[in-house]
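By written order: A, B, C and D. Residues from 1 in each chain.
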Amino acid sequence: MSTIDLSQLVTWRRELHRFPEIGWSEFTTTARLITELRGMGLEVLAGPNVINREFVRGRKADVVERGLALAQERGISQALLDEMDGLTGCMAVFDSGKPGPTVALRFDIDCVAVQECAAGDHIPNSGDFASKSAGLMHACGHDGHMSIGLGIAKWLVENSRSLGGKVKLLFQPAEEGVRGARPMAESGIVDDADYFLGMHIGFIAKTGEIVLNPNNFLCTTKYDFRFYGAPAHAGAEPHIGRNALAGACHAATQMLGISRHGKGMSRINVGVIRAGEGRNVVPAYGEIQVEVRGEDESINTFMAEQVERMAKGVAQSFDLRLESEVMGEAVDLRNDPELIDLLADVVAQHPELTAVAQRSFGGSEDATILAKRVQRHGGKSIYFIVGADLKAGHHQAEFDFDEKQLKTSVELFVGCLQKLMVK
Amino acid sequence: MSTIDLSQLVTWRRELHRFPEIGWSEFTTTARLITELRGMGLEVLAGPNVINREFVRGRKADVVERGLALAQERGISQALLDEMDGLTGCMAVFDSGKPGPTVALRFDIDCVAVQECAAGDHIPNSGDFASKSAGLMHACGHDGHMSIGLGIAKWLVENSRSLGGKVKLLFQPAEEGVRGARPMAESGIVDDADYFLGMHIGFIAKTGEIVLNPNNFLCTTKYDFRFYGAPAHAGAEPHIGRNALAGACHAATQMLGISRHGKGMSRINVGVIRAGEGRNVVPAYGEIQVEVRGEDESINTFMAEQVERMAKGVAQSFDLRLESEVMGEAVDLRNDPELIDLLADVVAQHPELTAVAQRSFGGSEDATILAKRVQRHGGKSIYFIVGADLKAGHHQAEFDFDEKQLKTSVELFVGCLQKLMVK
Amino acid sequence: MSTIDLSQLVTWRRELHRFPEIGWSEFTTTARLITELRGMGLEVLAGPNVINREFVRGRKADVVERGLALAQERGISQALLDEMDGLTGCMAVFDSGKPGPTVALRFDIDCVAVQECAAGDHIPNSGDFASKSAGLMHACGHDGHMSIGLGIAKWLVENSRSLGGKVKLLFQPAEEGVRGARPMAESGIVDDADYFLGMHIGFIAKTGEIVLNPNNFLCTTKYDFRFYGAPAHAGAEPHIGRNALAGACHAATQMLGISRHGKGMSRINVGVIRAGEGRNVVPAYGEIQVEVRGEDESINTFMAEQVERMAKGVAQSFDLRLESEVMGEAVDLRNDPELIDLLADVVAQHPELTAVAQRSFGGSEDATILAKRVQRHGGKSIYFIVGADLKAGHHQAEFDFDEKQLKTSVELFVGCLQKLMVK
Amino acid sequence: MSTIDLSQLVTWRRELHRFPEIGWSEFTTTARLITELRGMGLEVLAGPNVINREFVRGRKADVVERGLALAQERGISQALLDEMDGLTGCMAVFDSGKPGPTVALRFDIDCVAVQECAAGDHIPNSGDFASKSAGLMHACGHDGHMSIGLGIAKWLVENSRSLGGKVKLLFQPAEEGVRGARPMAESGIVDDADYFLGMHIGFIAKTGEIVLNPNNFLCTTKYDFRFYGAPAHAGAEPHIGRNALAGACHAATQMLGISRHGKGMSRINVGVIRAGEGRNVVPAYGEIQVEVRGEDESINTFMAEQVERMAKGVAQSFDLRLESEVMGEAVDLRNDPELIDLLADVVAQHPELTAVAQRSFGGSEDATILAKRVQRHGGKSIYFIVGADLKAGHHQAEFDFDEKQLKTSVELFVGCLQKLMVK
């Protein structure tokens, strides 16, 4: 069985680090993944074949346009762009041709809107692979995740004779803002999966730690609410205005006052408000960007229903037209014990690694939507953490991770696949 | 022509002062008026004949019950109470039997919820005619208004031979809170009137001043909004509550923020809020008492529509059941020049009186509803002020007015009637 | 060793049930307790000797007056009332005269403002011991708690020879609203205690269950905030008003919006709002009754600081004078393992009882303040639940508990005391 | 006496129309005015000599920088820019050298942020003098006002022999947002003026109408309030945030609820709100742009005090740091009868003009600050309207005015000056 080649993983990761793309604009990234994976001989699906357009959230037209224009500038072939048909992300399918289970693996591919740090000792600078796109950076490790996915793909191709069943490698767009998993799930591509495995590098664990069963995945729903009223000169005839700023402010104060839930943790944040165009005009437009969270789906649903009701009520109060848009969502997750045990066995084969049974995740991750979809169809799912020392926290300009853990990650996936697929 | 007898007017006024009754509970008062007027030989209508029950506002069942019980205790005959059928107020009709115009005069009969002052030098105390009902007092002069009405009735009966046409003397209940005029108007009893005359004693004028054309009558609508939610233990399961206190508070803050009107004066007041039963229970009930005003009907309507919309919006936001009730209303008024001139002529016959052409009323008075009703049917209307020195402002415990102006008032009415009705 | 006499416990409980008294007005109750306990030969302290007046919360003058007047009417001696000096509650001290530990036991004595149910099958009705005070009822079981305290006192006196050390039996006023424990603690009477034991009957356990270690005692602080502004006629000169209703409503909406706490459960409730006197007056007075809770003291302190800050901010915004009053408080509690084990051993001697190791209390109880005071001085504390079948939930008109558990309760206390005090 | 040359006025106006500059960035404009006026032989003061820096409002550093850079690009001499020292606007002084009164005239020089319309039939397009600065346009007529000022200057120089006294021609920056007059007044340059004349072209009057005494100038104060809190991750530890969005929203809702004023018209507008940076972060920054107005200074002061108090109160409530900045202000004005009569006489000499005695201005204009300053020092002031047919309303992209009224305007000023200054 061929060994995992760290230098190849690093090369992939660094090349991807140079060209970060924000959610739903990952045309260059997707094209490179497709080319690489097809180059290995794998079947790759893209565009509407892996993304159900109806469930796409938080996809801004101008962001998509810029991503497309940049891809064309960078020489991505029009054929590939046509195949994507405006939708990023792809799925490679490894089929052993022999009986066996179907295993879905998921890697996220988008970057965050952070300006990469310019310091000389920041490794992407000293190693000459810093972001070439101003204001954008792979500061969450998704470059690493893609590299891991490619490494697994390579291993599968090289070891196909010893394997049974199929592996679907999902390269998911728009994880930031928890937007991409839902439309990927709704395309149906994981409905036949017997197993689902997802992971994150770094985050809540240091190099050497593997968190088998992170818990406290927060269910969340992200909303934009837009209120449309009517302008008026604030001095001469304020009464003909329909005040969208007043509406947006009351919506915000109502939402912040949603009751705690007696059964567990809930959260509400109105993260952004923008309303009004000029000091002396009754504001005709206002918007708020909101997120709710809950310890489980019922609590999140309670919160979501309240904010929706309040947005409607405020629109009624101030005679405004309301546009509500779900911008993203994630659910909670309970890892299946069978896969926890399986991963524990794999970790146990690595003396340099320590298994951490449980640790609080405390955030939201839309891999949970894919994982729960598999569970609802009778499959088993796990999402785990591969520890990696970090230079700075996720989403910070100085973020960088211990690249050696790319290899650890591939080895853990491969270890699991061997247990699941080797006869 | 018989002279007006001040001592009779004072006797009536003092007897009525002893037994003040709050709006919609004036059963004793109405019974005494009916008895007195029928004793003069006049036809008197009462109950549903003068009040359209459908338009009755702000009539509290417990207040009505107490008023009825008290009337029975005081020996009011059951026949009279049956005639009223729960509705206070009455109208005496003087018919000369000869051709001539129909003139409607209006006098209000309810008291206010003020505890009369106990000082020995307060004339109702020294004169032994203070209120016998704790917490209630004729502190607005309506006792005087009724006395004036009786005085005019007596004069009409005594001078019927020289007169043509008809006079309708309206004794209106529930002026406080501007509740009684609308259902009286809606009964249709002034629809045949050629002229309408109303007045107030004191208020914006001193003894000797007669304000011919008070202006700035504010249109107003009074609302009670009641919100019904669901209680919950605030510690154990706050999320099952539907918080009526939150709703009532947001309704209040929204309403206070209704835009000024570019075309003229507007007002909004949330005068009372009551919500919640205990510190540790999510409040299931909340109510607010609201009034809006406007310089004219269109501005008042603007304000009224906003508060209604906001009450609905807040009910939607907090998932509450809403009860809205109009508790009272008054409109603006423009006195007809013909009657202003007529009254000016009458005043000019009294060397001790000074005519004030115009002065701001600056408040609300529901006689305007009757006056405008007459105008809409082609008649002419006037509402004027008979000045009277006051011991203290209206609605205060020390209120008392210069009783000599009762006679002045009757003389002015009689002067007008002579000009309108004598051939 | 004498046995515990259930019929005596029932007699005591039923007599106390007849005369319920609301917090800080328990003069009759306290007098009867003192008389009974002194009759057993115990030393009893009362008034300022057991209550530190400076820390008294939520004591309304009119309630105290009514309680005192009623006590005098019922023939309570003036000497006893003088001894209380306006402060209810008392402490009996059993001193064995021999070396040994000091054990503090706590029983609460106030009732709740509930009208007892009138149904014939309600046992206090069929047994002829229903509340004689309209609107007041021992609907939380404190009548039972007092009976248990008296039973223990009797046992101690009868078994003094076999015991070492001292027992302090605290009869605490004003538990409802968590008001009485703090000033009792601040009097210093439990500072010498080596052990503290408190309990509640019913609540979260059925007959036969003993909850050894109820957890999730919520820290709480209760506030009244009173806002004083200036009235104004809402039509004529609204601008001279300083609107206390607006202030109270904004305070409520701000407080409901206090952020969740990332470290654990928090609660906020604005249970009552009252503001304004009349529809057409800018409101000059407004009050809100508030409670905050937290899973631990730091979270409760976070919440308390926020509401205090908001009340001040709103007073600043609307130019109001603010009165803030802490109306009650309770803290969290962790039972000491030594006493959990001791109680478990006692329960194990009763085959009819089942020990429940842990169950969520989920509410607030100010015995925790006394318990923590003992712990801070180096002692050990426990608060446990003696299950009892209920006819209806606590604070309901149909509430009644299984009286046989009075005897169980005394036996458990006695069992513990034997282990702690018998040489 | 030389005649007024319309073609020269049009040439000046069109040249100025090409280079519109927003308030406090009018460096090119000021330089051209100085050069032109000095070319006529007049003394011209600029920079700190005409602007008291301490009272400068609403001057954004980036706007100033761009204006300066553009002026340098356009070849404005560094000496002139040094003279301005960062402050735009200037004053030309005509001194006849003979005894006589001092007359101050005021012309405003800034443009508005409007993109000029591109239609071919828009005269600035067909006449080839449209704005060369994207997003900026002289759409209020200030280009015309400057041309009128230059025309008067030319006439004064040409007719100096027949005149006594002095004329100060103020070219005021930053009228939009009512920012420039106050610091100009505070420099003291009009304190010696016996007369003050200001005017606006168009607005409330058509070609041929001269409004002698526009009334209802609204007093106004413009504020920016900036709230600084602390960010926090909205999921993990929301409690460490200090929520500036909540503060800004509550400030807005409080301010909208400021009471109407019983003595006259008031206005409040929160025209813009901006808060928060991301959906999942507790917002650390929020700002609102506010304006209040009042029919007179006392009402405006009432409104201004309320918003300042509320901003402070909200900062207290939410533990935020507050920055308050006055961004502009204007006062009311009563024209002096002496000057109204004088202007009426001048208008009467023009048969093609109609004098309109009074018409409501209904807006705010900071010339009133200069005018009232003159009145407070014992002088007389007038602000009048020279009617001009408009293609579209002020501040609209299609705005254009009847250029022939430039000549009318100069003639009216000159007519007044002749009456005031000719011996």
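As a working rule, a contact is a pair of C-beta atoms (placed from the backbone, for glycine too) under 8 Å apart; a residue touches a chain by one contact, two chains touch by 3 or more.
Because the structure is a prediction, the values reported are computed rather than measured.
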Which of B-D and B-C has more C-beta contact pairs:
B-C
Relative to subunit C, largest Cα-centroid distance belongs to chain D
Taking each chain's centre as the mean of its CA atoms, how far is subunit C from subunit D in angstrom?
68
Just the number, please: Cα centre separation of subunit B and subunit D in whole Å.
52
Quick check on subunit A: which residues sit in contact with 2+ other chains?
236, 238, 243, 246, 250, 253-254, 256-257, 259-260, 267, 282
Spell out the residues on subunit D that touch subunit C in their complex, using ranges where they run on.
236-241, 243, 246, 250, 253-254, 257, 259-263, 282, 302, 309-310, 312-319
What part of subunit A is in contact with subunit C in the complex they form?
253-254, 256-257, 259-260, 265-268
Within the complex, which stretch of subunit D touches subunit A?
177, 218, 220, 222, 234-236, 238, 243, 245-246, 248-250, 252-253, 256, 267, 269-283, 286, 289-291, 293, 327, 362-364
